[in-house]
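Presented below is the structure to which this report refers.
Residue numbering begins at 1 within each chain, and the chains themselves are lettered A, B, C and D in the order written.
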Amino acid sequence: MTEVIVRPLQEADEQEWRRLWKDYLAFYETELPESIYTLTWARLMSGLPHEYAGFLALRSGQPVGLAHYLFHRSCWLETNACYLQDLYAMPEVRGGGVGRALIEAVYRRAAEEGAQEVYWQTQEFNATARRLYDRVASQTSFIIYQKNL
Amino acid sequence: MTEVIVRPLQEADEQEWRRLWKDYLAFYETELPESIYTLTWARLMSGLPHEYAGFLALRSGQPVGLAHYLFHRSCWLETNACYLQDLYAMPEVRGGGVGRALIEAVYRRAAEEGAQEVYWQTQEFNATARRLYDRVASQTSFIIYQKNL
Amino acid sequence: MTEVIVRPLQEADEQEWRRLWKDYLAFYETELPESIYTLTWARLMSGLPHEYAGFLALRSGQPVGLAHYLFHRSCWLETNACYLQDLYAMPEVRGGGVGRALIEAVYRRAAEEGAQEVYWQTQEFNATARRLYDRVASQTSFIIYQKNL
Amino acid sequence: MTEVIVRPLQEADEQEWRRLWKDYLAFYETELPESIYTLTWARLMSGLPHEYAGFLALRSGQPVGLAHYLFHRSCWLETNACYLQDLYAMPEVRGGGVGRALIEAVYRRAAEEGAQEVYWQTQEFNATARRLYDRVASQTSFIIYQKNL
């Protein structure tokens, strides 16, 4: 299996990040305006503690995946929780350890911050993703309700 | 139906808040150390933008429910998302509009902040809660995976 | 077990029907305006083929449950499908065969009309109801999506 | 993205409709007798208020998808509900907006009729469909029970 390298997103990654994130959003039948790409990229690059940070996965030097994660408070914990909002591996590299490598990079980063838990959401019917998630984490009994204001 | 009043948590509410939150945690078969009560209360009272804030529900002047909510970034949105972590109504007042009043207070607060969405988690088998949630919000297809570090 | 009688709703049942249907709606955290009660009752009494019809269940002569059902077209079938929209048994009589008697009355009525199937919706977490439904019908793999216009 | 045109089914569409509907039914491992094709087509063409009506989706002038919808009574609503029974987009055009265009055409038609809701069923494990449905509508907590008479 070709080695997967995961490293923090850097300024020079913007074009590749845009391509990957766009593909990820298309998977969710979503298109976002240019203004969100610009804003989210600026936030990812800010290094501020309440902003998302990101990882890029590379195989043979090519960007093939990304992860966005956020540290935020929990009323139940002394330390922050780590929320993994976006995780993407290109379809061509699925099964090659890219998703797992990204998740494990987030685990390491969260542990460095003293976080005790990393969590994320996935659609219940996303069988491909869940085959991986069941290996690296545990399903909880929780589902999400949402209200759009 | 007796009127339900919802207002922000105040310093003087600490003992009632502790009682309600303890009951809520007991519902989840959870006990937390004294240090977490102290810390979470201090954070709730801090008024800082990255900390949880809370509401208290009163009926006939008696505290009967609480809600803890947090604003945090989303990569998909310009404005913050609002996460409702804890929602509790005493069993004696269930069906009397306390849960709904707390949720609607969070909606109003989130709208004031310019947030476009409020979301929360619930256990898929929590029938009592979900009968209410199905009325005031929409179930999504998302489930939660978690890794304890 | 006290015998359960199921018969079609009649004009004289209006007050009892209102009481039962109100309780049923409360179970779904729903209140409907007076105008809907009036309109739905008129439609139930109309006897027209595209309107709902209803059954009342009685125990010891007292109304204890109701069912509303509709025949409608299906593209897959020559004959109409029968949709059971509302089914209610008072909590005091649960486990006493009221729900089953109402469902079986709808089955008989549907068979008389030449319908090949009767179906209904229930919340996935409604354990009490599903214990009965698993006895008298089959869960399908279908879930409901909805858009409020 | 190639433009998608959605228009009501017309008499001249019969052969294309048969082809598309047959493919759709094959997706559900279903074959229906010739008599049902004849009957359902006649009903779709009847223009009667209690019959299904249909839309055809075209891309570059070629029929690539269809939708069948029905207005029927609801005990909970003054106006009719709109039930979308069948929705099909050819596999070759998936991800190209055909399903969404058909759903949105039904929304517009339902709104013209004064309907307040459009709903449909899908198998819980139909991941491809649900990724779209999660964008254009909301999953409810309802599942379907059925009895074949």
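Criterion: a contact is a pair of C-beta atoms (placed from the backbone, for glycine too) under 8 Å apart; a residue touches a chain by one contact, two chains touch by 3 or more.
Please read these numbers as outputs of a predicted model, since none were measured by experiment.
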>> So if I look at the partners of chain A and the partners of chain B, which chains show up in both lists?
In response: D
> Among the chains, which one keeps its Cα centre farthest from the Cα centre of chain D?
Replying inline: B
>> On a C-alpha centroid basis, what's the spacing between chain B and chain D, in Å?
In response: 40
> Could you state the distance in Å from the CA-based centre of chain C to that of chain D?
Replying inline: 26
> Once you find the CA centre of chain A and the CA centre of chain C, what distance in Å lies between them?
Replying inline: 46
> Where the centres are mean C-alpha positions, what is the separation of chain A from chain D, in Å?
Replying inline: 35
> On chain C, where are the residues touching two or more other chains?
Replying inline: 30, 123-125
> How would one label the connectivity among the chains shown: line, ring, star, complete, or other?
Replying inline: other
> Between which chains is there touch?
Replying inline: A-B, A-D, B-C, B-D, C-D
>> Help me check something: in the complex, which residues belonging to chain C touch chain B?
In response: 26-30, 123-127
> Inside the complex, what are the residues of chain B that reach chain A?
Replying inline: 25, 30, 32, 35-36, 39-40, 43-44, 50-52, 68, 70, 72-78, 83, 85-86, 103, 107, 110-111, 115-125, 133, 136-149
>> Which residues of chain B touch chain C once you look at their complex with the stated criterion?
In response: 95, 100, 124-127, 130-132, 134-135
> What residues on chain D touch chain B, complex-wise?
Replying inline: 130, 134, 138-141
